[in-house]
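For reference, the structures are reproduced in the following blocks.
In the two assemblies presented below, subunit A is common to both, partnered first by subunit B and then by subunit C.
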Partner chain A sequence: MALLDVENLSVEFPSRRGTFVAVNGVTIAVQPGEILGVVGESGAGKSTIGNAVIGLLEPPGRIGAGQIRLDGQRIDDLDDDAKRRIRGRRVSMIFQDPQTSLDPLQTIESQLVETIRVHLGLDHRAAQARAVDLLRQVGIPEPELRVKLYPHQFSGGMRQRVVIALALCAEPEVVVADEPTTALDVSIQAQILTLLKRLCRDKRVGMIVITHDMGVIAEITDRVAVMYRGKVVEEGPTSKILGDPDHPYTRALIGAVPRPDLRLHRFPYVDYIEGIAEKPAAISLKDHWLGRSRDFQRRHDGPLLELRDLSIRFPLNTAWLERNRRYVDAVKGVSFAIREGETFGLVGESGSGKSTIARLITQLYRPSGGSVVFDGTDVTALKRDRDLNPFRRQIQMVFQDPYSSLNPRMRVLDIVAEPIRFHRLAGSRAEVNRIVRDLLDHVGLGAKAAEKYPHEFSGGQRQRIVIARALATRPRFLICDEPTSALDVSIQAQILNLLKDLQEELRLTMLFISHDLPVIRQMCDRVGVMRFGQLLEVAPTEELFVSPQHPYTQELLSLMPNFRGLTHRGLDVEDRATG
Partner chain B sequence: MLTFILHRLLQSVLVILAVALIAFSLFRYVGDPVNAMTGQDTTLQQREELRERLGLNDPFLVQYGRFVADAAQAEFGISYRHRRPVRELLAERLPATLELSIVSMALALLLGIPMGVYTALKPKGILSRGFMSLSLVGVSLPTFLIGILLILLFGVVLRWLPTFGRGEVVHLSGWTTGLLTKSGLQSLILPAFTLALFQMTLIMRLVRSEMLEVLRTDFIKFCRARGLPSRLVHFRHALKNTLVPVITITGLQLGSIIAFAIITESVFQWPGMGLLFIQAITTVDIPVMAAYLCMVAFFFVVINLVVDLLYFAVDPRLRVRRAA
Partner chain C sequence: MSFLSGFTDSDLWHSFIRTPTALVSALLTLILIAGALAAPLVAPHNPFDLASLDIMSAHLPPVWMKDGDPAFLLGTDDQGRDVLSAIFYGARISLLVGFASVLLAVLIGVTLGLVSGYLGGRADAAIMRVADVQLSFPAILIALLIDGVARGVLPREAQEHMAVYVLVFAIGISNWVQYARTVRGAAMVESRKEYVQAARIIGIGPVAILWRHILPNVLGPVLVIATINLALAIITEATLSFLGVGVPPTTPSLGTLIRIGNDYLFSGEWWISIFPGVVLVLLVLSVNLLGDWLRDALNPKLR
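== the complex of A and B ==
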């Protein structure tokens, strides 16, 4: 008998249009001290399993069939109060985003003490002592002092440690960790995973780690269950699943993970998942609208874009006297050049200034020092919109979050047509419509998408709309700021392939910003590594990955999720993609 | 923190000076004050003397400076109609208005917040639906109509409560209060409720929507996942996070209650500043109007300052950001 048994579990969400079965006949079990991974893409039902185990299904969700047993005792049919007593005490949960999972108005201490007292019935002083002890166990330095602080005074990684401390308050037997490291930087992710693993072993806790990230699975899990559309399609020891998967979906999923160790021409399509329309015909620049009147006569022979000693600082306070003002240097003396047709990657952890550089290039921010030179013209010297608009047309951007970068009240037609109309790139309304439909068709959405609104599309489809919009001005230079980090791995592969295709067809120059090293390796010709607003190292991609020079780059590369036991045997899909 | 307060104080002073300028222009340039003070049989020479004595021939800035200096000492001249210093008139009326405003604000908060919390926690309950429909009435019916209807019901039909005036008042060293006598309290009920109704519905709806928002956040979900009882989740975590915007609105509303108690005061013949102001308008009693304007600006500014300070008490994130 396992510690936690989920047997033939089905979770349904009744709605007006019929019942949606989010989890369909899932059976999993966790032993004490074991880490079970549940992996799958968004909508696969992984989080729903977690919510069902802890008894917090979002209404109107309900358990349709099956049982959940903790130590042999059924817990899914208890009343609300009994379920509440189990939560935190015997089964606990860790959430994805440490920025939002702590009450911002209470100190860490009061949140810990409250939870400890509810479950263990200690008096206030004993609970305080236990709170400090817990913080020490999760590796927070100076816990006696830190315990008095508020959540916002901790960094993301430290907050996640606090969340873990809160989840472990009452020594639970089972912990459900729902994407515990997705919102964290790669170096912090490694620390948190090590911590979870250690706590799990020391305290003999059974842990369910829910994630979409194969790297996390490879890093800490003992066994893994692969979910697809509410069902477990394959389950087994991690090394077996990663190294020798049986199910075609598992194979496709692993194949879509960007390879950290090898550069491929294209990502293998995860065709098992989304039967997308067949590949659109290649664009010939000679007779296509996107190629017409690309009036980009090179004005000089140097690089297309050059940053010269670029800096920007943001004031931290608004003192009236200059000497009282303090600044943070978001970007400090960064210089690099991008040649025409090249893909230049910028990599670094959050807060390193990558996105700020994108905004400086597009003149969304004005630099405090240095200059941005595009095709021989100093763009930073231009002040008036009339002078800047030609550059804005040539430089376009794809943002990270496809959910917030499209106006929800505009039809896709208008979203994509707006830049064409603004820059007067088409003669008539009919021509605009024709161009938009053509663009949408070309990014793989089909011309019919024009009449719909953004909310009718999935994340990956929205990102295609964003790309179509960026292409609508016939740009020469495309900035992609974390274009796929909000997307599932299979969708990521599609979007990155689309970007590669478009780049080849349209001779685009790209600046590709990402924190994800494997993605950078697949996409970029040269890479710059950033930390604290400074550019530490620039090198051709392969050179950087094979022999990094700067110690920080070496550290980053060593933290890259390594797929121990992932032999890529099952990756015959790769041949199809490259062949 | 200290610099922030100083900053805010400075802004407040600027606001007050600007309002004082408007009040002063009203006083000085809307009609001729000498005309307003003298009768028809005053000779031109006497008028000129009066003009000189009142300093009306001085340059604009000097006059404005004098007005501000006087106003700072609550000296607004003599009412044309009552022939008494405006300061005395205001001092007599101020307690009535403040008592009415504060009682109705307290009423609005004490009823509005619990109702808001209840409707957020049980959005589909019968009682919640009842509250929500009632609140529509509160938002949409104009104050004077509510006042008149209440008078009709409780004063005329049921004869339970008095319909006008403050009842018996007690004098406490320059302050008159109706809170210590039975008739004073009885007289307060109807006007206070009339004034509170709109604020109450506003606060209720605000608390409800903010609370629904907070209940959807991750940290509330995490509180539940830690097995905290609903009482703690709802009141210690959710309600406190709800209060930040509520404080803003409450502060602004208290200001407007004081400023716009005019209608309620005239419906109930409540002897407060609003009633005084209405009478001043009908008789073009400009010193009273100017003084009222300055007073209201002063209240608004003080309340806003208090609201800003309350933020610091409630939200630790602000404390640190400012201190850094």
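== the complex of A and C ==
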């Protein structure tokens, strides 16, 4: 008998459109001191399992069949009172976002003390001592002082440590951690995972870690259950599942994970996810509408895009007098050049100024110093729309969030046609329609998508619409600002494939911005590393991954998740890093 | 047809047919609006036709009381006008003034709100300060002021038939601030979204961005406020007419009817003001309930 047994569990959500079965006959078990990973993509039902275990299914969700047993006793059919006594005391939960899982109006101490007193019945003084002790255990320095602070006085990583302390304060037997590191930067993710692993071993707690991230799975779990559409398709020891998966979905999922240690020509195709045509027929630039982008004449032989000592600062306040104003330097003296046809990567943690550079190149922001030179012309010196529009046509952008980058009130046809109409790239209405359908077909959506509205598409499909819109001006230069960080890994793989194909066919020059080093490695020829608005290092991709020069780059690389155990089966490997 | 089936399948429609309050108030609003629109067809008399009025049939009580005349179901007023017919025609003027002034307020408020929210900076500061100043006066006071000024400016003979336009203008001007503030906030949120940035990268100008991209995405809350403000505008019109600065007694609105009846209330002739009053309450109440339902149904946080 295991510590926690989930047997044949089904969770259903009835609605007026029929009953949706989120979890369908799932059986998993956790032993004391063991970490079980539940991995899957969005909508697979992995969080629903966690919520069912802790007894917090959101209405109208209900358990349709099966049992959940803690130490042999059923806990799924208890009444609310009995469930509340178990929750937090014997089974507790760590949530994804440390910003919202702590009460901002109470000190850490009062939140911890309240929970401890409710569950363990200690007096106030003993509870206080225990709170300080817990903070020490989760690695918060000077816990006697820090315990008096409010949540906003902690950084994101420290706050997640507090959340963990809160989850552990009643000595639970089982902890459910739902995406415990997804909201954190990589450097902090590594620390939190190490902490979870240590606490689990020391306290003999059974832990379920729910995540979409193969890196987290590889890092801390002992066993892993792979979920697809509400079912566990494969379960076993982590090394077995990652190294030698049996189920085709697991294999496809692992194949879609970008690796820091090897570069693929293309990601393997995951036919489990969306009905996307594998690869549309290649475009012959000579007779295709998109091929006419070659109507731009190269004006000089230098790099296509050059940033010269580019800076921008944003005012922090709006004082009337210049001397009272304060500024923050978002980008400080950045210079680099991108040659025609190459993919240049920009990498850095949040707030490093990567996205600001994209917005400076596209003229959404005006620089406070330096210049953007495109094909020999200083674009930042141009003021009038008449002079700027030819350059706007040549530089287009793909955004991070596919949910906010499409106007929800416009049909896909009008979204993609807008740039064509604005720049008068087609003669008649019929020609515009034909071109839009062709573009949609080419990004793998099919011409029928034109008549629909954005909300009828999934995140990955929306990103394809965004790409079609960016291509509609027949650009030469494409900026991709975190184009896949909001997407599931298998969908990310397909979007990266699409971008690679388009770049090869259309001979696009690309600026690829990402916080994700493995993704950068797959996509880029050269990479620039940014921190605090400054460019620290520029190097060819292979060189950067094998022998990073700047200490910060070395640190970033050392924090990448370790994927050595992942299978290489069926991968189209281009080259391997030896470092 | 496909649009219609899309609507009947929507959550909004579903919530509508499952909320009895919404159904009843929508039905009541529809009946009142239909009655007002079809006044010449359904009203037994034409209260504006002076030739048909007979001073002998003035001050008649409703039909179920002693001395009641079957020709005048709800009795007559001091000039022998049929109260029921006067209500039909009066509701017409009340609704006309209500809808027109809301439309005017929406036009002004949404335009200023969009400009304010999208451009920001000095334009925003200027528009919002004007709004702040206007908010420090009660709307009815501003309407009274505009009405008074208009009366002073217009020649005497024009006043009678210009009265409705003056009212619409006065009520419209006094209500734009709420729209402007709501739209400004929503436009600020929308203009930071990436689809607006995409349009700017393409090169599309601010007017087209506001019209094509931002406006359709901020209209939801405007619709809710407009519904609730329609009731408010009808009340404001009634108040102004009751105070004697609204429409003249020759073409009475519901408010004018209540004022006329008010003089006879204490001599026992209650029907002249009570019946128009009841209709006014029903109209305002049903429009208000409809607005409340719409606000809740469109707010995902309350579901």
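Annotations for the structure displayed:
Just so it is clear, the second predicted complex is superposed on the first by the 523 of 579 C-alpha atoms of A that agree within 3 Å, B and C clash if a C-alpha of one lies under 4 Å from a C-alpha of the other, contacts with A are read in each partner's own complex, and residues count from 1 in each chain.
Rule of thumb we're sticking to: contacts are C-beta pairs under 8 Å (C-beta built on N, C-alpha and C of every residue); 3 or more make two chains touch, one makes a residue touch a chain.
A quick note: this is a predicted structure, and the numbers were derived from the prediction, not measured.
Once the two complexes are overlaid on the shared chain, A:Val328 sits clear of subunit B and of subunit C alike. Of the two partner chains placed around the shared chain by superposition, neither subunit B nor subunit C is touched by A:Leu145. Legend: residue contacts after superposition of the two complexes on their common chain; A:Ile86 is shown touching subunit B, with no touch to subunit C.
When the two structures are aligned on the shared chain, A:Val546 is found in touch with neither subunit B nor subunit C.
Contacts of A:Ala381 after superposition on the shared chain: neither subunit B nor subunit C is touched. Residue contacts after overlaying the shared chain place A:Phe399 against subunit C, while subunit B stays out of touching range.
Judged by the touch definition given at the top, the superposed model places A:Cys169 against subunit B, while subunit C stays out of reach. Common to the subunit B-facing and subunit C-facing surfaces of subunit A is no residue whatsoever. Residue ranges of subunit A in contact with subunit B, taken from their complex: 54, 56, 84-89, 92-93, 95-97, 100-107, 114-115, 118-119, 150, 152-153, 163, 166-167, 169-170, 316-317, 319. Those residues of subunit C whose C-beta lies close enough to touch subunit A in the complex are 14, 193-195, 197-205, 212-213, 216-217.
On the side of subunit A, the complex with subunit C involves touching residues 16, 359, 362-364, 385, 388-389, 392-393, 395-397, 399-401, 404-410, 418-419, 422-423, 466, 469, 473.
By the touch criterion given at the top, residues 3, 217-219, 221-230, 232, 236-237, 240-241, 314-317, 320, 324 of subunit B touch subunit A in their complex.
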